[in-house]
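Structures for review follow.
Shared between the two complexes below is chain A, which has chain B as its partner in the first and chain C in the second.
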Partner chain A sequence: MRLSKGARAGIVLVSAAIAIGLILFGIFGYLRTYPPTVAATPSPTQPNTVDLTLQVEGAVGTGPHPQWVGWYAKDAAGKWVRTTIYQVPEKTYVHVTVYEYDSGGPLRNPYWGKVLGTQGGVEYLNGKPVSVLDAASGNGVAHTIDAPSLGLNIPVWGVNGNAKNFCQQGPCNPSEAHNVITFTFYSGNTTHTYRWQCFIPCGVGYLEGNGGPMAETGYMAGFFKVVA
Partner chain B sequence: MAVEMSPSAAIVDQRDLEARGLKFARAWFTGNFFTGLVGGAIFYAFGHWLGNFIASGYTVVVNSGQNEIAVYLALIFGAVGFLAGLGVFNYPIQKLLGWEPKDPPKSEKRTFWEHFTYSTDHKVVGVQYLFVTLLFFLTGGLLALAIRTELLSPTYHIWAADTYIEVVGEHGTIMMAMATSLVLGPFGNYLVPLMIGSKKMAFPRLEAVSLWLLVAAYMVIISALWQGGFQAGWTGYAPLSIQGGPGQSDYDVGFALVGIGMIIGSLNMVATIINYRAPGMKWSRMPILVWGLLTTAFTMLLSVPVFADGLFIMGLDRAVRTSMLYAGHGGSSFLWENLFWFFGHPEVYLMAMPGFAMTMELLPVFARKPVFAYKTSAAGMIGIAALSFFVWQHHLFMSGMNPDMRPLFMLTTELISIPTGFLYLVSMGTLWRAKIRFEVPMLFVLAVFWNFLWGGVTGVFNSDVPVDTLVHGSFFVLAHFHFTIMGQLVFIVLGAIYYYTPLLFGVRLNDKLGKWSFWLILLGFNGTFLPLFMVGLLGQPRRVFEYALRLQHLNQFASISSYVLGFGILLYVFNLIWSLAVWRTPAGPNPWRSEGLEWQVGYPVPADNFEEIPVVLRSPYQYGVKDRGPVAELHPSAEQAAVVAGGEE
Partner chain C sequence: MALTQQEREERKAFARSKGWQIFAVWFVLTAIVDYLTWFVWGPHMPPGTMTTSAAAQQFDFKILMVLVVPVLFMVWVYGGFALVNFRARKGEEDQDGIVLFGNRKIQGIWYVASTVLVLGLAVFGTYELIANHDMGSGSGPSPIWNYSWAKATPQGAWTPGGSTPLVVQVIAQQWRFTYRYPQFGGMETTELYLPTNARVVFDVTSLDVIHDFWAYQLGVKADANPGVNNVATTETTSQTGKITVRCDELCGIWHGAMYNYGEVLPASSFETWATNMQAANAGVTKLLPPFALTYTPSYSGAGGGYYPSYDPNGHSVAY
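Coming up: the complex of A and B.
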């Protein structure tokens, strides 16, 4: 069977359209799929300050990897959203509250226990100011929030993993064992998208705790989007 | 020397078989790509189930939510199922059962549908290879554009950091997997029997399997994008590769499939070239391309099994938690680096050698002069192949290797520039005082010399430990190897596709579009990669999605140039597809007036290539030589063949 020139041209064009469609689907249906962005809300009490409320747990409980360790953020409606992408305005103080529900342990490098980049060089652990967390004692450090370009290193104190009310799956609630960590940092004078990541290998089931959630946006890595 | 493969030599008569206690096999199903997909899906599901059945209760699986045993078994079973669905196993199983399988008849006129089947016709396999490698190349190219798009800005991100590194890893792996087959696959399989006067390749089924393994590998490697990719990149360094998600297993199995295909394909190539040359096709008359493919195939045969071994070890470390590559538990990540680069650096020459061979194959046709210093060029290829096994540790200069070993590997790496220089200078000799025809394929040939000059000269510097210390892991190295591989191999392949289209498809590509696409590709390529030398020297590391603000303008220039390059390639592909499918301008039997034996059979190439095994009378490069006579006698008398085969001219 010999096709006409028009028919052959039509087949080529339809094939090209299908190929382009598949490529676009691949890009926008998968590769460009981010967790949602949660914007910090203006502080009702402090001028030039926004509030950001987060929680971190040993198992996020939803999504493609429900057993992975990960973070939630509270959106403007007060709902917990599983994400690690936060939007904050430039030239603003960002007041962060972290509800920590995961167990901790000693640090391989004690330097990660030092608070860096915050207002006053401290964070508040259950209301008490601390500048260094000694991970060799107590429940140890569970995670960190590290944004090297912002100079930020926030160690997050762990809870007792054997506690009766230890949270098994996120999102967790205040009746379960937790610590509250607060800190404030300055968002900088320019718009920028800053990468942040937890530097403590906490991917349970992976070699030395690395792999899996450790480098995955939406679990233990994300962005601070500083906007105008 | 040559083996007679006419149909009369095969068993065709039922009585012959019965007399030997055999019987013809009943025809089983005739597989194709789509039945292969069905077979692959069924076996994949079974493998996954089996893996879960075996290992779903293991602590490591419960904790991570990731069962690598299931992933590996699914991929391996899926690949086997794909081949089974294609009908690859029909023949060997029937043979095992004592039945005599019947080959499907070969036809002179190839159909479109035939290219989706498990064909053992070397011409069909060559065309299949061409489009499969083009698919690899275009996929890898799109991923490269994704990389350059991200690097338009150091602050605004198109991709998340993890997605970016997935894209980089996919780009590298797809390109490297593709590049090893870019000449050997399409041109080797299609042209070698025609060039050496054979009716077929030595092992047609192995030839076909090597192709379909590459198709399976493509699907496996690309599927990693949907499974978190492989952040360890194409080099797969441990322990990052051991920590990776299921996408890393796709890398492992996909690259292993490529490797098995390379071993099979090169075995077939070596056997064919050594055993299937026509009478009179002496080593000193063999086309340069065939020399290049022979040395390439030998290099593959010796290097790829080592890499396959490394992939096997990686698989064990990942799936069943051995720790051969993980220092924390008594293994060694150096083991992987050595196994990988023992293949990985010869791999560079696996790409460069056939590229240069193809360059020198096309050069005399458009220079209308004999190849200058033919024997030196063959010696250059053998020299590169031999030395390529003694340079791999230059990739480990910065990895904490024994420092006393550095001078040795610095020296061997510098030495390899000598045989490489042979090839370059031989080509310059061929060009000297030539009456050059500036046809589109020749433009690509000339561009190779420009590009390779940049890649080659910077390579000499990179081989020095002090320079390597400075530029290791930077965009400088990236620019160097893109100039040597893309600037050489890809350019000459684009020229070769243009050149051989009349022989493969009977049509000629559009010259105006060809010239437009060439200039866009050349300018786009140089505009993309020349600034990256500077970017690298200024400190930008590879595989990182952010960079210093001061490097933005150079990166933007490179990114915009990459779009020009992409558009040029798009125009080239449009020219190819439209010329093949819509315009179809007949090219005539030998439009470039080549003296090569492959061009003497005309188009369409006969089903068995030659009615009789030809007798080769002289070298195919005697352009401009007076009274040179035909390159071969295509219809030799029995006496003629016997005399030449006996070693007399």
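Coming up: the complex of A and C.
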């Protein structure tokens, strides 16, 4: 059976529309891709408190940019997930443990060496309470966790880049050189999604360290989702 | 078909009588709305009167509105008149509309009035552009009017009611502003607080890309460029109020989130706040650099080493 001109034109147009639709779906699907959200787990010992365990390394080792600097979070099953999106309940104290495996240096603005927004105004660096880190000395500061709307700023002390057991790519393990930083902050009384970022331009290979991982969720930019 | 002499005379009489009606309606409406614009709405126009520069901008907006209202109402009133009188009624769909004739006198008045208005706005705009009303243009104090008090360095301690300007260094970084107060031990804050009745000098710089410091309610806006000190000045009035500061230069993914808040406080309250903040900041102040006009990150960029003893890019390392 020979199709009419109109029928053939219709088939071509419908096929083209489906093809364009699939292409656009793919493009927007890719652009809207977000890393997974990891929820903090209720503390087994502290009431009204949840635990969030993170690690940061110089090269995440997986995904589309394995050489980029980035963060992992431990999920409820104890598995390390590469993400910077964390879910915490409202009206709750969030106890955060950071395993830091990256080297550090001086801060561009030493003001960001100050601990802000935590319980007691301190963070615990390898068990010792500190309120300010002098990034111009020692191994310097590797990264910061700064959530402007939560008033939170956590400088994360770097490890020696020449350490023999320096972690080369993530997820790293505790047998490699690291620092442990802990702090507790209050999640607030309203549900909201708060952005957070690192204030150290650490995008190696990008203009003055900006761009690359600094501008991408899942590496050095993320969110605290405060939920009911 | 040409009109008869009688028809011409009828049209002229019609235009004359309706013209005066249009003028009367336009004049009354314009007078009322201009009065309301200047005296009722005007005092509430943005950006307010919390500083001399903001007040000057509010004055500019009031002037422009008062000049725009007559033009706007001339168009609206004539448009409304045409809709009512020149519309085709039922049964008149096939008829020609009324024939209007040009009137050289009215055309002349219109041309002259438009010319005067546009030239007047040009002169007014030029004057307002160069007379900075205590506001640096964002690239230093006005080169035309010399504001000798607007130096880019602290000139001694600031006290309420004193003549020494308050110096605030605005430091932009992706994606936050911080404010350093060199006259209060170099303390740094994430919110901008200012005293009433004080001269303020903003030294604006950036640590990375190009940002823009826009303190809307202060009527102050200045680019924040790395390695550059942009000076903007203003003088607060006795009015207190909230401030919102935004970045006004597309600077990255979270440009839209680069804003924070502040307040103009009574001078004594500001002094109390600043003194308390200075004490609270003592731990970190000792780590902050002494006042410098710019803070230039090292060319080496990522991974540390931002402030070496030299800069391979040839910039001075003011740290």
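The working rule: the second predicted complex is superposed on the first by the 206 of 228 C-alpha atoms of A that agree within 3 Å, B and C clash if a C-alpha of one lies under 4 Å from a C-alpha of the other, contacts with A are read in each partner's own complex, and residues count from 1 in each chain.
Simple rule for what comes next: a residue touches a chain if its C-beta (ideal position, glycine included) is under 8 Å from a C-beta of that chain, and two chains touch if they have at least 3 such contacts.
Everything numeric here is computed off the predicted structure, so don't read it as measured data.
Using the contact criterion defined above for the overlaid structures, shared-chain residue A:Pro148 touches chain C, although it does not reach chain B. In the superposed model, A:Gln169 lies in contact with neither chain B nor chain C. In the superposition on chain A, A:Arg108 makes contact with chain C only, not with chain B. Using the contact criterion defined above for the overlaid structures, shared-chain residue A:Val132 touches chain C, although it does not reach chain B. Judged by the touch definition given at the top, the superposed model places A:Gly205 against both chain B and chain C. Of the two partner chains placed by the overlay, only chain C lies in contact with A:Gly140; chain B stays clear of it.
Shared-chain residue A:Thr41: touches no atom of chain B or chain C. In the superposition on chain A, contact is made by A:Leu31 with chain B only, not with chain C.
In the superposition on chain A, A:Ala215 contacts both chain B and chain C.
Overlap of the chain B and chain C interfaces on chain A comprises residues 195, 203-208, 210, 214-215, 221.
Listed in rising order, the residues of chain A touching chain C in the complex are 103-111, 113-114, 131-132, 134-136, 140, 146, 148, 158, 195, 197, 199, 201-210, 214-215, 221. Across the complex, chain A meets chain B through its residues 5, 8-9, 11-12, 23, 26-27, 30-32, 34, 65-68, 191-193, 195, 203-208, 210-212, 214-217, 221, 223. On chain B, the positions that touch chain A within their shared complex are 60-66, 142, 146, 155-163, 165-167, 225-226, 228, 231, 239, 242-245, 326, 328, 546, 577-578, 581-582.
Within the complex formed with chain A, the chain C residues making contact are 171, 173-176, 178, 188, 190, 207-209, 252-254, 257, 260, 281, 283-284, 287-289, 295, 297, 299, 301-307.
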